[in-house]
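We call the chains A, B, C and D, going by the order they appear; numbering starts again at 1 in every chain.
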Amino acid sequence: MGKAVEVFHSNGFSDINPNLVLDDDNQNKCCWYEEEIDEDLKWSFALNSILHRGTSEYQNIALLDTKHFGKVLVIDGKMQSAEMDEFVYHECLIHPPLLIHPNPRTVFIMGGGEGSAAREALKHKAIEKVVMCDIDQEVVDFCRRYLTANQEAFCDKKLHLVINDAKAELEGREEKFDLIVGDLADPVEGGPCYQLYTKSFYELVVKPKLNDNGIFVTQAGPAGVLTHKDVFSSIYNTLKHVFKYVLPYTAHVPSFADTWGWVMASDQPLSLDVKQIDSRIEERITGELLYLNGASLLSSTTMNKSVYLSLLNETHVYTEEDARFIHGHGVAYRG
Amino acid sequence: MGKAVEVFHSNGFSDINPNLVLDDDNQNKCCWYEEEIDEDLKWSFALNSILHRGTSEYQNIALLDTKHFGKVLVIDGKMQSAEMDEFVYHECLIHPPLLIHPNPRTVFIMGGGEGSAAREALKHKAIEKVVMCDIDQEVVDFCRRYLTANQEAFCDKKLHLVINDAKAELEGREEKFDLIVGDLADPVEGGPCYQLYTKSFYELVVKPKLNDNGIFVTQAGPAGVLTHKDVFSSIYNTLKHVFKYVLPYTAHVPSFADTWGWVMASDQPLSLDVKQIDSRIEERITGELLYLNGASLLSSTTMNKSVYLSLLNETHVYTEEDARFIHGHGVAYRG
Amino acid sequence: MGKAVEVFHSNGFSDINPNLVLDDDNQNKCCWYEEEIDEDLKWSFALNSILHRGTSEYQNIALLDTKHFGKVLVIDGKMQSAEMDEFVYHECLIHPPLLIHPNPRTVFIMGGGEGSAAREALKHKAIEKVVMCDIDQEVVDFCRRYLTANQEAFCDKKLHLVINDAKAELEGREEKFDLIVGDLADPVEGGPCYQLYTKSFYELVVKPKLNDNGIFVTQAGPAGVLTHKDVFSSIYNTLKHVFKYVLPYTAHVPSFADTWGWVMASDQPLSLDVKQIDSRIEERITGELLYLNGASLLSSTTMNKSVYLSLLNETHVYTEEDARFIHGHGVAYRG
Amino acid sequence: MGKAVEVFHSNGFSDINPNLVLDDDNQNKCCWYEEEIDEDLKWSFALNSILHRGTSEYQNIALLDTKHFGKVLVIDGKMQSAEMDEFVYHECLIHPPLLIHPNPRTVFIMGGGEGSAAREALKHKAIEKVVMCDIDQEVVDFCRRYLTANQEAFCDKKLHLVINDAKAELEGREEKFDLIVGDLADPVEGGPCYQLYTKSFYELVVKPKLNDNGIFVTQAGPAGVLTHKDVFSSIYNTLKHVFKYVLPYTAHVPSFADTWGWVMASDQPLSLDVKQIDSRIEERITGELLYLNGASLLSSTTMNKSVYLSLLNETHVYTEEDARFIHGHGVAYRG
């Protein structure tokens, strides 16, 4: 077969034939990205192209151009972020705590190597310093190179990028922060991140590094009517054991195939006034938000009855010895 | 090959071998139900079994046992309803208008052959009459036989089942109703239903059949951040041209792979007080709701900023000459 | 969700609605059986229904009704046998050695629990005894019940069914056979069968149990232009080290997604005359063959140049210490 | 969403990060090419990358890098040719007639825009002229640019490339040929090619353009045990009504998911002697063949019993009024 192997090649340098134009209609069903959402559920997106692929010490990385969600970042076979709707996830992760906080100046992001969380934080004019601590140099390099919208953020002098384990980094630092963000992978079984969701981590590592008025926020996994008991209710309940005020909120993220959850926690009240939020968005933020305003932020903190009761009745607390896991969907690499 | 054809058969009558038990773990990835959500997006569910298949004059029908969503009703290759989360869709379709209405007695359901909308309406003790008008006798028969949870509703003397075109039926009736429900297929191109979403239909057929205080509610298609302009914003805007008060609301329905939308409309104010809703649920409804309470109903009427702006700025009005269509997902058969 | 879980059920006892008939055309693309042929290749068949599922001590079993290949037997997620083309595999496995042998009387089948190999052997009028030795009682029970075409064979008094490990059974028996058949799973890594492909097994277990003129035949895995080096050439070469005369042959089996290979071996010449084969088919066999006649049998022993050269140059010999494996396609359970 | 759309980009010009290397193992299951082989059967190949996509007046074209079959050429969603096994199809199409012919000098290829058929013909040292007539300029340009192995052939001065309808071209030419090759799409319903498979076309257009001793050969669609009645037996029978000597032959082409068929036809005897073929390969051909030698060519002309009987009993003749069609697999564009 030796000869046969040389039959085809790809000449990336040839000039473009004007008669050969991309046809979006007819080739829809030719190439697909397929993802296992759960063991018994998978979905597939028609591809325009495979833009980049790489691998790091920890993970595989790909940037795909899908017809449905635009360009998507895939890490270890899981979609992390999609051009068309990543604003929902990242606005919800960053702005609610920064808008509720009276005067935030400093942010520490655990994970977040994609750069989008930092980008959102840096939209707040008063923010003086954003420390982003991701364990994976190559993922950070990949995203810095290929995710245009985050390139300005990656170049911002207020951004302090650290490649380290988030726990070790937080422990080793002497400074405290107004906001600490958990932009980490879900507590997947066998994954590297579940220790960053435990009561002792929140108590002994996170809380001591928060300033007065400081807020902790974490992504908290799927929060749909069928999935909120996987990890969302436990993360909420664990934080209730560590902080005086805990506020869960959710939003449907289409490319995650589910409603997603976040939890804010603080020892200061997390009060939410629609008009105040709207005026703070006006005053504090450069540019415009796409998903959040005062009313939708308030609305996102109201759970439906099914989720509400589960949060109310949850008794599980994440410890090193007793963790809950989900199938492995979601933000699989941050940390 | 004649002989070969007789090689296998299925002996449905043999006694069951106790050593042959269902193994849910290992055969997850063997048989799948696959659905095209959009031209460039499809998803697949692992199957336990194919329970029933049938066909009617209008449509194909199947009842499948999926691992992820339990038993699902599939019409013409589109999932209509899933055991695990159909309560979200049907509670949202029926209870908000019945809870806002001061004293509803009569309901007319356009479509709804599955029986779930009628089931929810009949939970209201004060309801005296539910007319359910579906065009497809076989779908109704199929659901009446196989959907256990709706069998009680199908037998309820307050239910008046009519097999007819919903428009013709409404026009031909002399009585008026407190609530008219559009549990119809989305306005799919080439589909039979888009005429039941036009301004003239609402004006000339629906509105004249509403009592004073009467409310019209319709499912209104996908309402996610990426999909709400498909038909949701147009249906909302069309109803604004016909009724004084129009209230859109949304909820994420996992088995629809999207946030879904509904719109209520009336010439009486659609006022929503959390405590009043909670006490009316308590007083009026037999049994318990799973998804809705006062707070989550209120929350569901608050759109995120992206959807809010689209509704605000929508100018399209459905007419017979100018319709908008979507790819064909969703409740494809009702009507 | 407690209530929701009871929403649907399947009423197996209801009388059949004459309006609900199977529609083969429109629901083609709804339910699929999906199989991984290789790590980077999978295929899917539209399903009519899932007829039976079971599990044994060793394996999962399913009988599916596919639109393309008719009823198919699936073991551990691999298609074993398809109604539409199993005659190709089983005619090729059994008849060539029985037709070449001057006067075969007794057959020992290692594996073959499906019953089709025994069925083919019993078509030879002169056969007095067929011992079928499969390790998996439940697979045998499953096939005996559900595979109609083999029910006559399962009831034939000449068939001696033994549930045992094929090696132990052969070793323990005192009698010798005219034909020993390897209807075993491919030598899959971690699978139970690769020891039944080794030189020492052929030398020490099989050969001593062959009568004078006795022939050994084994299925020998995929033999296509791209796959024949996986195991086919090694099995051929291993047998060449044990028997004086070795004859490989192949046929394309559509439901295996490949050309398949078998190897005959004997210490007596395996001479093949087209006319003699045709007349022996006429004389010896009850009923008709569908795939084989003298000419096609001869033709099947001629490899294309690519495979021919690989067989010629193969140096690998299966031993317990040095086995070759394939991805796991094919007849995965026999033995 | 305006802003969101700019989130990602692909920077094709950035220098390569040495830490980002392709990982073939872990990303196998991320991106797939999916093809519908039949309405009820599809298969999928893991992709390394999407190399090129284009569209012509007639068809969509893509060059994909698959893990299983190497680089594959896809036209209108159908795999045309795969790096790993295209040699089987093209050797079988071209060499049997050229080897049987006593002294071929000139070849006319209907279709064949990919260039592989011409490449094989040009391996015969005595060939003086190869006319390749394809209707699709862009497909020819695409293949000339991207299919390395055919670039030498495309530059060969003996190759006369014509962009035209094959029928019009043949009719318009005055010269006759030693070999006319049908490297055309299958007679797919609604496709452009079925007229090039009719009795009148063979009789009135092809045959008059053959020299004495001239041979016509055509690809003849799938020829497996389950598929040979689709078109193969009809094409064979049609040619029997036009030529004195007709010789069908087949080979399993893995990337076509089937055994494939070709038919040679001539008014001179098509005699096949193994030794003569082997010596003609030696004498006439530059380089080596991978699939064919004398023995395998002879073997490929022997059908199995099932196909043999179908060919014997076929009565259908392709006419303009009475054509048979297949689902659309195979070489869909040539012509």
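Note that in this section a residue touches a chain if its C-beta (ideal position, glycine included) is under 8 Å from a C-beta of that chain, and two chains touch if they have at least 3 such contacts.
Every value quoted in this text rests on a predicted model; they were computed, and no experiment measured them.
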Interface copy of A-D among C-D, B-C or A-B, with over half of contact pairs matching by residue number, is B-C
When A-B and B-C are ranked by contacting C-beta pairs, first comes B-C
Rounded to the nearest Å, the gap separating the Cα centres of chain B and chain C is 49
Distance between the CA centroids of chain A and chain B (whole Å) is 33
Chain C residues touching 2+ other chains are 1, 29, 44, 84-85, 225-226, 290, 306
Chain A contacts chain B in the complex at 28-29, 37-46, 66-69, 84-85, 88, 224-227, 251-252, 254, 257-259, 289-293, 295-296, 298-300, 302-306, 308
Within their complex, chain D touches chain A through residues 1, 3-11, 14, 17, 19-23, 26-27, 29-35, 44, 47-56, 60-65, 70-71, 73-74, 76-77, 83-87, 116, 137-138, 141-142, 145-150, 287-288, 290
